[in-house]
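Letters A, B and C name the chains as they come in the text, with residue numbers starting at 1 for each one.
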Amino acid sequence: MRIIVCLKPVPDPKHWSRLALDPKTGTLIRGGIPSIVNPLDRKALEAALQLREKEGGEVITLSMAPPSAMPVLREGLAMGADLSIFLTDLAFAGSDALATSYIMGTAIRKLARYDLILCGDQTLDGSTSLVSAQIAEFLGIPNLMHVSAIEVQKSGVFHVRSRIEHGSMLVEMKAPLVLSVAKEINEPRYITLMNILEGEKKEIRVWSSKDLSLSEPWVGLKGSPSQMADLFIREAKRKGEILQGDPSEMTKTLADRLHRMGYC
Amino acid sequence: MAVNQRVKSEIWVFAEQRQGELVDVGLELLGKALELAHPAGWKVASVLVGHASEKALCEQLLSFGADEVIVADHPLLRSYCSQSYAKILGKLIREYDPKVFLLGATAMGSDLGARLAVRLRTGLSAHCIGLELSPEKKLLAVVPGWGGNVLARIYSPHTQPQMATVMPGVFNMPQEKEATGRIVPVDVDLNPEDVTYKILEVKREAGQEHALEKAEVIIAGGWGIGSREDWQSVEDLASALHGMVGATRPPVDEGWAKENQMIGQSGRTVHPKLYIGIGISGEMHHMVGIQNADFIIAVNRDPEADIFKMCDLGVVGDFKEILPGLIEEIREKLQK
Amino acid sequence: MDFKLSEREELLRKSMREFAEKEIPPRMEAMEETGEFPVELLKKMGDVGILGVITPQEYGGTGMGNLARIIILEEMGRVCPAIPMALQVHHMATYALTKFGNEEQKKKYLPPLAKGETMGVMAVTDPSGGSDVAGIKTSAKLEGDVYILNGRKCFITNSHFSDFWVVVARTGEGGRGLSAFIVEKNFPGAKPGRKENKVGLRGANTGELVFQNCPVPKANLLGHEGEGMNIAIQDIVEAGRPGMASVALGILNAVLEQAVKFANERSLYGKPINTLQAIQWHIADIYADLEISRLLVYRVGWMRDNNIRCDTESALAKQFACEAAARSARKAIEIHGSYGVMKEYPVQRLLRDALVTIPAGGTGEIAKLVMARHALNMFK
């Protein structure tokens, strides 16, 4: 089985206070903030590795990011991926979900043979949760989101459990397909010292726009249909009354207020 | 098969249904769409896709004010499948060229919207918490920006339809009134191969998933609660006030609270009459989920916590010194 | 000169931090209470490669080296300093066996240490010894094919959790009369003795080893007869002191984090105390102690990885980092005010932990002797 895992380097949330938005482009100014593997993408990779352990095959990670994200790809290889494809090009910068999916879909086409594409349900930074379904649409293959369990039924047939609003559903799907995984799917493994050494021997293959046959215009900031009209600060229209001082006094006041509002 | 009438509406709203029942967000969006469309001289259509249960649902949508209800009925549409649904809707949208297409940011809406945006090569603003129509009749979708108090208005100036998925609970349900709209059945051309997966089983999870969205009183806890043991006091306050328990992301990650209790950008959007946030700093990701609460009370020992800038009543103090007494006082008052 | 950690070392730090933050905290309360090492963690540490970081690959380790070891100990210590205390002695045993063991000994004893089947023990100190290594009285008399061991070893880390120990005993007179042995716990007459009850680094066991007419086969002599002093000193200098310094480094990391967190949260006179200069000076001192210690300790790791002698540098790193940990922990307590001496706040534990690092692996005074001897010879 050949599994492609979409691995997105995202700014480490521990440093989010240092993040800023470029007011002109609406894109992120990362300013030297270290990247980590998007946590749900790590779970997608873990799911892929577990499938490989059971079924055999190959796990390839696919990432689109600035060149500085290289250590994050190395981390994916250390976790156990066999090969990393790194899409990096100034022309890709500022891509919205549609453009990202188009570029990644095109890269996946170039890889030609694949059974399963795994993503995380959402990323820490964008949170649009669009890319998995959009890659599937570009490739014309089925997809499912919020996946909590994946089982190979027989060759090319998967039983997939997916969370929906009122519970979950079990779905039978055929390869090739795209799944995006939910938080509860697994707990990713630790990276061992041996893994780190093995990861160093594996290849990170760098592809730029020249390596992909991007025939449509959906690339980068200019090729993204979604644009930011403006940024604005939310108006505070709340009363903003603040109580300070003796805890038991405040407790009484609070109980009293709740009483007057009719809650007790 | 029905002979296709022309659809005239400029804004289409996906009327999501599950097991023959309309999902609230489809109605909330219908209400908002009507509010945006009518001053601009536009009309609004609800789009219903499925099989066999359509008649009653159409009536319902009309009673909530839809100018048109587009009905795509076919046995193969009985269960949701992103590819078959996207195929039908993609074709309809190409044929009638609406300006705006809106969906709920539910499991189904997010998935379907994403696919449609690719099929139609247009932009989609995901998980929006507000919608506006500019004087140039461009759809501006409000999405929370990075951290801080920043919101961004996103639009797709050059492509059509302009699409957005909107968080459930952001808009209010529209008022029911006398139906004046019409039903527009459309042809459905679908092959069994278009349904690319088979649903083997649907399991309902115990507990009311939507209760948090409907709750009048919500007590939410954050990272500041500190431990599973102390989380109990959040639960206790909620039960004293007959409210429900919500959480920010960290308590969910820590396992103190359940995933379905998470409020905010990647969780639920709620609009209770009373919200009490305990040990919550006020990160935007959470605050966008409670912006429609009528009254916000915050308890936090850090006087600099952002939540104090966004609340109606702030209590600067350690919840451990306040909650036990408060719960006692509330119980006493209720007994009287 | 390159002060940047490599991609490998950065990834190592990241994965070790994740391991430490997930695995250790749930066990810390029990460690503090009982003083016992969480043995069930050993296997996990073996699987992740923590135990075999300096073990050559052919004996089940990764051979990643001394700087890698320091980073691991620092990250474990940032969460709970008792853990790297136990680990560092485990590594000392590994180091001695790797450097002085013959092929058979390495094949037999290194893999179980790397895998976490047992813990490593380096037993040098006698009740009559300690800083005075030559004062060792535990005797090993050759009788036929076996050495007969008699005596007691005290303040031995991991004493009760190991299947075999590296033991230094007297086979002759004077400094050249010491030899090192690998003694298995199930040899007749060998057993762990009393368990100590330390004020800090609770969760790293310290205890005695007792030998009563314990026969040790000749094959278990480590290195040559009379090489014991050399083995002990090299192990202490090249593995023990950098190890202890790394424990202290871990403590310093935790101290700065706790101090900063508290200074940012706590308000007095209507504003956070981080605006007060008195507090800022403490913070600056702690920060400086952390950064200086890190430079010193990393340098020793780098020197060992490049096979450069490091006697003085190792002593300096150990002495400075351990003292720095103790004085910084005290400053952190002062920042906390009365909260600092309450058990709910970790700074009091960090001070207790720091105090225990000071005599371990060579006292501060011994380290200063080494430095002084070096300095006094500099301009000759």
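Going forward, a contact is a pair of C-beta atoms (placed from the backbone, for glycine too) under 8 Å apart; a residue touches a chain by one contact, two chains touch by 3 or more.
Bear in mind that the values here come from a model prediction, so they are computed numbers and not experimental data.
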(message) Looking only at C-beta pairs that count as contacts, which pair of chains has more of them, A-B or B-C?
(response) A-B
(request) State which chain is most central when centres are taken as means of Cα atoms. (result) A
(request) Taking each chain's centre as the mean of its C-alpha atoms, give the chain farthest from chain A. (result) C
(request) Go ahead and note the Å separation of the Cα centroids belonging to chain A and chain C. (result) 40
(message) Centroid from C-alpha atoms only, then distance chain A to chain B, rounded to Å. What do you get?
(response) 21
(message) Using Cα averages as centroids, what's the distance between chain B and chain C in whole Å?
(response) 55
(request) Name the residues of chain B that each touch 2 or more other chains. (result) 303
(request) Mark out which residues of chain A touch at least two other chains, giving numbers and ranges. (result) none
(request) Enumerate the residues of chain C that touch no fewer than two other chains. (result) none
(request) Spell out the residues on chain C that touch chain B in their complex, using ranges where they run on. (result) 265, 267, 272
(request) Within their complex, state which residues of chain A touch chain C. (result) 36, 70-71, 74-75, 78, 190-194, 196-197, 199-200
(request) Provide the residue numbers of chain A that touch chain B in the complex, in ascending order. (result) 16-17, 19-21, 26, 28, 96-98, 101-102, 122, 125, 127-134, 136-138, 141-146, 159, 162-174, 183-184, 216, 218, 224-234, 236, 238-244, 247-248, 250-252, 254-255, 257-259, 261, 263-264
(message) List the residues on chain B that touch chain A in their complex, please.
(response) 18, 23, 81-83, 86, 106-108, 110-111, 113-115, 117-119, 121-127, 134, 138, 140, 145-147, 149-159, 196-205, 209-210, 217, 240-241, 259, 265-266, 274, 291, 295-297, 303, 308-318, 321-322, 325-326, 329-330, 333-334
(request) Quick one: which bits of chain B touch chain C in the complex? Just the residue numbers, please. (result) 301-304
